[in-house]
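Some structures are shown below for you to check.
Next, two complexes with subunit A in common: one pairs it with subunit B, the other with subunit C.
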Partner chain A sequence: MSSDERTGLYVESTIIMTTVRVVAPFVLTFALFVMFHGADSPGGGFQGGVIAGSVVMMLAFAYGIDAAREWLDVRVVATLASGGVLTFATIGLGTILLGGNFLEYHLYEQFLSHATAYGIELVELGIGGIVASVAIGLFFLLAAGFGHAVDAPEDES
Partner chain B sequence: MTPLEWGIVALALVGAFFAGVASIGIVRLPDVYTRAHAASKSDTLGAVLGIAAAALAIQTDLATIKAVFLLTFMFLTNPTAAHAIARAAQDQGIEPWTAGDEEGKS
Partner chain C sequence: MTLSLIEGLLLVFVLGCAIGAAVLRDVLASLMAFAAYSLGISIIWVMLEAPDVGLTEAAVGAGIMTILFILALANTVRPQENGLFESLSVRTVVLVGAFVVVMVATVPSLPPVGADGTVHPNPVVSGEVTQYYIDNAYADTEVKNAVTAVLAAYRGFDTLGEAVVVFSAGVAALTVLRQEVFA
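Up next, the complex of A and B:
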């Protein structure tokens, strides 16, 4: 009830919108930086994914949750999560098909040089996609409020 | 000590002073608006001066550039976050504390 009144009255703040517009590209770049550096320095798919998900939360704070929902369809978020799982599973199980263990990257070297590095980075990207989209999905569900809890799972499926 | 080292020490000390003022303000001030005021101004200055001291002290190219990036974004985002909190508090209808409300928190 009260959340309906508030979303109806939401007025964008120029200060927040401007800051988010300036900062968002840098945050997304930083998210990719953290994801790609996971192999040899602090960071990785989990941390980078949370940073990437926070971009969508910043946009939602600045432009309102309804605009964010329209801009980023729930189906896109679900596709990103399942795509990440698929990437991880394909790379992990592919090495078993080649006769090795799970995630034994160096077996890909016969098709591609530096395959170990590419394999690790792809798995990090997949994890990042999963974490980012799950964080965004949880944020959207929380922002729907408890009054909408009945129809929120309907949107998901 | 070289002048550069004196500068680093001075930046770190002034930054620590402002960070201390901000911490005292967040604990002691009575309501969300005054606390956001302490967190946005003093805390930003304390953090920025501290990072500036670190950037001067490290003096390797990549780490200094990272510290300068951190400093810039601290300056941009910290006051904006405080603004967003104060705005949301007003949106929720929280009344600002005035000298009349003495019976509240100390």
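Up next, the complex of A and C:
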């Protein structure tokens, strides 16, 4: 039994589905803009990540949470979350290996020009990945509810 | 300090939403008031020239938080109760009122919005650190947004901590709900 059926959360609506289909690409583009352009304008990884996460929530509201859960590859979500932390930590600790302090970006200049700007951009993307995947994860976890987890701990779908 | 019409209306709106979130009886109505409050606050942040904070407040406070609260609410039983407002006990009103009075008493000691520090002391503007960031952020980090420079470079270690906190929150939620995957 799906959690949607149990709680009657999902109402199929052509209007919502059409709206989401039109709006979602723009929201995702805006999220990436906020993330990539955070260095030069307001925004950054935290905000962009939340907006990117909300795209999946929009899809879930339009097409049903269980359908979205099946469509979403959990490996991508897990990779984004742990990959974000690893990216940030690697960039930060890499400068220590090069003989500097934590996150001393300009030490990467010897490999790549404008390394400082690219390093900050990568860190922002890492943060964005963490925030987006954790937001998506919390959404699906809360939607499943605690009873669902206790009833069927093996049920991953 | 003079308020423009829009600022005044926003303040009234935010205060009304905050009180609504506190006293409305229906949890969903209270939740909607809370979301509206977050949206109002985010516009106030933009007016105070803190667009980064405003964007975060709008995305997290008004967006994600509302969705997560609604989901939590959908998974619980909502009692059908009569009456629009929560009945307030005198003790609560006195306690909250006293707290508000204490907080409001600190407001006059804040520098006025936009003060440059010549007439009123304004540590935000005249502080040495602020000036250092404004002068050196672009040369040091090659990013134009000084907030990003502080977040990802000058205070990068703190930000790594914050990112790990977010990650741990996700892992903690998995553990508490006895799930193994996020979706």
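Brief remarks on what is shown
Just so it is clear, the second predicted complex is superposed on the first by the 137 of 157 C-alpha atoms of A that agree within 3 Å, B and C clash if a C-alpha of one lies under 4 Å from a C-alpha of the other, contacts with A are read in each partner's own complex, and residues count from 1 in each chain.
The rule is simple: a residue touches a chain if its C-beta (ideal position, glycine included) is under 8 Å from a C-beta of that chain, and two chains touch if they have at least 3 such contacts.
Bear in mind that the values here come from a model prediction, so they are computed numbers and not experimental data.
Judged by the touch definition given at the top, the superposed model places A:Gly84 against subunit C, while subunit B stays out of reach. Greater residue coverage of subunit A by touch, when subunit B is weighed against subunit C, goes to C. In the overlay built on the shared chain, the residue A:Ile130 is in contact with subunit C alone; subunit B does not reach it.
Using the contact criterion defined above for the overlaid structures, shared-chain residue A:Gly64 touches neither subunit B nor subunit C, since it reaches no partner. Looking at the shared chain after the overlay, A:Gly94 reaches neither subunit B nor subunit C.
In the superposition on chain A, A:Val22 makes contact with subunit B only, while subunit C stays out of contact range. Under the contact criterion defined above, the residues of subunit A that touch both subunit B in one complex and subunit C in the other are 9. Only residues 51-52, 54-56, 59-60, 63-64, 67-68, 71-72, 74-75, 140-145, 147-149, 151-153, 156-157, 159-160, 163-164, 166-167, 169-170, 173-174, 177-183 of subunit C touch subunit A when the two sit together in their complex.
Within the complex, the subunit A residues that touch subunit B are 6, 9, 13, 15-16, 19, 22-23, 26, 61. Residues of subunit A touching subunit C in their complex: 3, 7, 9, 34, 38-47, 50-51, 53-54, 57, 69, 72, 74, 77-78, 81-82, 84-85, 88-89, 92, 102-103, 105, 114, 116-117, 120, 123-124, 126-127, 130-131, 133-147, 149-150, 153, 156.
Partner subunit A is touched in their complex by these residues of subunit B: 73, 76-77, 80, 83-84, 87, 91.
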